[in-house]
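Below is the structure I would like to discuss, written out as structure tokens.
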């Protein structure tokens, strides 16, 4: 049996579909899903060897890799496509209005990266605004309650903020395809020891993706209770997540010009982290991308 | 913290005249000022009425404030909303399960702490070399922030129940050791010396006199630290939990379901109070001589 | 908790014979067993040597274990690594700033708690109706998990320093009130009655007798609760912080920089210990009659 | 000011019931007692017969259930600075030095209200006079915890005297002192009494002490507490008494009378007799055991 | 078993220095003292002269700095079950009932090691006998906190006697009791002494008590503590003594002698004289003040 860490992100909550629809069993994969209420703990648990694999974003994978931990990316679950956003209060219409304003977000996280990218694209830097470090939920709350002017959040908070009429998206991950790849990362040793289970797991994932595309509403119904939300609300989150099936996975796992290729995302992400002082050098993509399972599963 | 000492609960002349202990301290002093006398006496029914009134006042102002529209509901859900949230939580079938697992975690961490802290505290309080060896270390450790240990516990203990129990342990153990060794040091020297002159050896003094004599205070210490154990529940359930009251609160935090956060907090407070009362009952049952034979 | 009572620190005949208080309890009892006597006496230099030995043993086993390769460095960084990390932290120019801001936050939250808890505890301990009104509420509130309040504090207080201070306040205030009211209840009735027969009015009794009499115990309570305030620092700096020791620890958690986590934890412990010692010094200075005039 | 025939303290039909959660207790019943101006009255009686309760009621620290108490003809309501109480122990303020303890009442509104500068000056004088009277000059700036039990009680008495109370209520003030220190305190309190001309009500267990100090000794009997008998004591004037008096035949005769009376009210006599019977029975048991 | 001329307790050249962080204190100096088998010896002396220290050293609760102590000719090392101590207060175990307190020593290894069933049975008998002797049958199952001070001390004495100690060391055992209860305890302890034939060393401040109870009274003098004088007491046999004896001329003469001796060793005499001088001076001050 292998343990797979998951946390609250639509692309990962989808793993529960595999469990409930029996895909794991179908593909003979002994997988135990371990839920983490705090995402970053799941990243740490994998680094510590407490998990065999974990669902995590590229940006949070680079630091452990830089430490020399033997981790491999075996699957891309999704790219964010509108599910991450820089939300701003109603009085702010353009990036220019953002100058000198307070933005709440979790430092070094995807949201930070997204905001940084957004600012850059509009000729600004983080120095032009006031960044306040807080958890994503807190940032949403602070924006709704008018404590801050901008917040880096993902769904369901994007919808929450929109519905509260206290703010609107200024920049979303839809505007930057490939910026935010979400992965399944596994320990090398675990892959060696349980290769069959991993193969089955990847196959199960492709089945999940097919199911979600075919029955989005049924999918939302399965996933929503796991995060304590209503299915309707969750369907919106799912819509902002571009799940990666076999084809997209193969594209993402090899070098090329595709915006979804990890070989392109990695240098950009690393640049951000190096600038922030979180890592000192970029891990080589070829060293940590292992397309073999995807290849095997898509046969 | 401990209001209860083993001496002079019965006002014998000597005790009344000299012991500045709880038994004496709670006696009425002056009645001239009626209700507002310093240390005045209050009939039980009056005490309960005032307490009830204060509770209703709290509830009333909460309700009034949340309904006034003056404060957004997001900030302050109204009592019916909280109840509704709790009902919904119960309806989904998780509430009972969450409560059970949380009680298990707190109890397990607490029992583990107590099982280690009682012997250690007993020896620290009884033997100076043991004190010299452990006390400075424990004094240092009591400042350690449990939250900072979340990732370390994840590394060292893993993601199972052990991790949650460890956090509760970190939050309570060191305080417990210090308090129990303090309880042990309050055992009257005359009790120890009496045993010595009757020929008791070291082990007998520790087990038959010091431990027995300090036990009521130790139980009181346990009661107080159990309260702290509950305050660490949410931190404990940050570590790879997918059930429990703390987990539910964390989950609700993510989506700013203040109604559920309130419900969870109130639930934890209520369970804590119930456990506190159980401990008080245990105290009365186990130590009848302290509560008038 | 409080090791220090205002009675009988000097062994006058009456006190020696009857008071089961700290002064008596710490007297040596039997010397027959040498070092290992129950409540034996230990010369100061021996106490310090053993404490030092225990410290070195701790450090040594940590160092040995982390260098043995038996435990991965990620799990247990070695002492030099921790020192290196701290140096690096200092080098980046944040360490001093982080420390300062954290000390400010803890102190501010603590002072706010104390400023509210001392009068409230004084009145709860002195007047039964006040006790009836507040105590059940406070007893309930002491179970509230500070972590659960993080988003609520953000809503209510905002993202400024006020939010961090509020969390520290939530973590310490209720315990403080309960402990201080307990301290107040331990004021010997004879001291109050003496003032009454001398014609003191209610206000004078509270301010000139009860408060003054309980003050040494209250300061001791403050010392203990200051320790708790430090354990809440990390939680406090979860709320929209960009600096501080707790913030740094949280950041280090993100990237699993165990060296820095260790460094931060040790730093908090050390500052806590220093503040503890300052409080003890204050106690000796402010209450000379308790430490032999 | 007071008419010679008005009692300083008049206790009339005083009754006291304690009602606690566990029981109702009839502590005092129909006490009638007059204390004359400038009289030294001692209250003796078995443990638990209500001596302290009576004293505390006079001091206003305890309410009464029936009857009334008048000071100079005026009924009392609660404690008042005209009646200061001295307790057995623990009533000094450990955070104040000896001189500060003595001057404590000067910090109270009741004492400094309407007070002139001259008063303040004379208060300072008085505190020094009391220090000297009590032999406390050397320890003036010490804290109470550094003093012996006897010294502490001197401070307590000086503090009580500071406001020139008309009535001094003392509840076993020397109960915790050793016999030798007690003797000194006896002579000291007689000196004080002579100098200050206050009225003193003094509770004690020690009949020697009661006779040596008091003008009259009141024996209280228990169940419920009531006045059993009152003895006029006829000793030389206070300042001419000395310790040897306690061994004089007159003194001893009075002591025996009072002691017998107390023993009778308590059933101590019965205890003593029972003891004898038991011994006979037990001697057998003991012999059997020694035979093993 | 012991040769008649061997003292039960032999104290030889005993000295004791207390060394604390603040000061070194010479508490006892060159004490030589023999306690005969089956003797009742009382130790009296001013407060702080080292009575308790001496008793605690004999009991093995305190180390000695010089000299030695022998029991039946054997030097002692630490406490032993042959020498049981009775304290003034707080030494009963509040979590045990009266009968359990009395039987406490039977839980200890030192008492049950090598014990036969017969021993256990006789111990049960003895605990009942002691209950009866002490008049504790009715409160057998009460907890100590429900008892009066006198009752508690009875339990403490019964507990000490349970193991048939050869030496009973009592440190002001009745110091906290009221005068009437004390009288009963005096007769009780005399009965016990007669029945149990133990050797008793009894510390007290009360010279009456010392003379009434003891065969010999030892006066200790302070600075540093040393034996000042020893008095042989010649009273009727224990069981024939009664309270009236305390008023007999012989008794009083002895009391005066001993009291004077103690006063002289303490400087109480000086205190008393100084007091008189002070009063003269103060009468003036008082008059001045009253003139205001």
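For clarity, chains are labelled A, B, C, D and E in written order, and residue numbers in each chain start from 1.
The rule is short, and it goes like this: a residue touches a chain if its C-beta (ideal position, glycine included) is under 8 Å from a C-beta of that chain, and two chains touch if they have at least 3 such contacts.
For clarity, every value in this text was computed on a predicted model and none was experimentally measured.
Peer 1: Can you name the chain that lies farthest from chain E, using the mean of each chain's Cα atoms as its centre?
Peer 2: A
Peer 1: Would you indicate which pair of chains has the most C-beta pairs in contact?
Peer 2: B-C
Peer 1: Report the inter-chain centroid distance for chain B and chain E in whole angstrom, where each centroid is the mean of the CA atoms.
Peer 2: Inter-chain centre distance comes to 44 Å.
Peer 1: Report, in whole Å, the distance between the mean C-alpha point of chain B and the mean C-alpha point of chain C.
Peer 2: The separation of the two C-alpha centroids amounts to 17 Å.
Peer 1: Which chain B residues sit where two or more other chains touch them?
Peer 2: Residues 7, 13-14, 18, 20, 29-30, 33, 74-75, 150-151, 155, 188, 190, 193, 196, 238, 253, 256, 292 of chain B each touch two or more of the other chains.
Peer 1: Give the residues of chain D touching no fewer than two other chains, as numbers and ranges.
Peer 2: Answer for chain D, listing residues that touch two or more other chains: 47-48, 60-61, 78-79, 89-90, 148-149, 176, 178.
Peer 1: Which positions in chain A touch two or more other chains at once?
Peer 2: 44, 48, 137, 141, 145
Peer 1: Within their complex, state which residues of chain D touch chain E.
Peer 2: Touching chain E: residues 46-48, 118, 122, 125-126, 129, 132-133, 135, 148-149, 178-181, 183-184, 187-188, 191, 194-196, 205-207, 239, 242-244, 247, 252, 255-256, 259, 262-263, 266, 268, 271-272, 274-275, 278-279, 281-283, 285-286, 289, 292 of chain D.
Peer 1: Where on chain C does chain D make contact in their complex?
Peer 2: Touch list, chain C to chain D: 6-10, 12-14, 188, 190-191, 193-201, 204, 208-209, 212-213, 215-216, 287-290, 292-293.
Peer 1: For chain E, which residues are in contact with chain B within the complex?
Peer 2: Residue positions touching the partner: 59-61, 79-81, 83-85, 87, 89-95, 104-105, 107-111, 142-149, 152, 156, 159-160, 163, 169, 176-178.
Peer 1: Within the complex, which stretch of chain B touches chain A?
Peer 2: Residues in contact with chain A: 72, 74-75, 92, 150-151, 154-155, 158-159, 237-242, 247-248, 250-257, 260.
Peer 1: State the interface residues of chain C toward chain B in the complex, per the touch definition above.
Peer 2: Against chain B, chain C makes touches at 1, 3, 5, 7, 14, 18-20, 22, 24-27, 29-30, 33, 35-42, 46-48, 50-51, 53-55, 58, 74-75, 126-129, 131-137, 139-152, 155-156, 171, 178-179, 182, 185-190, 192-193, 196, 202, 205-206, 210, 227, 230-235, 238, 246, 249, 253, 256, 258, 261, 264-265, 268-273, 276.
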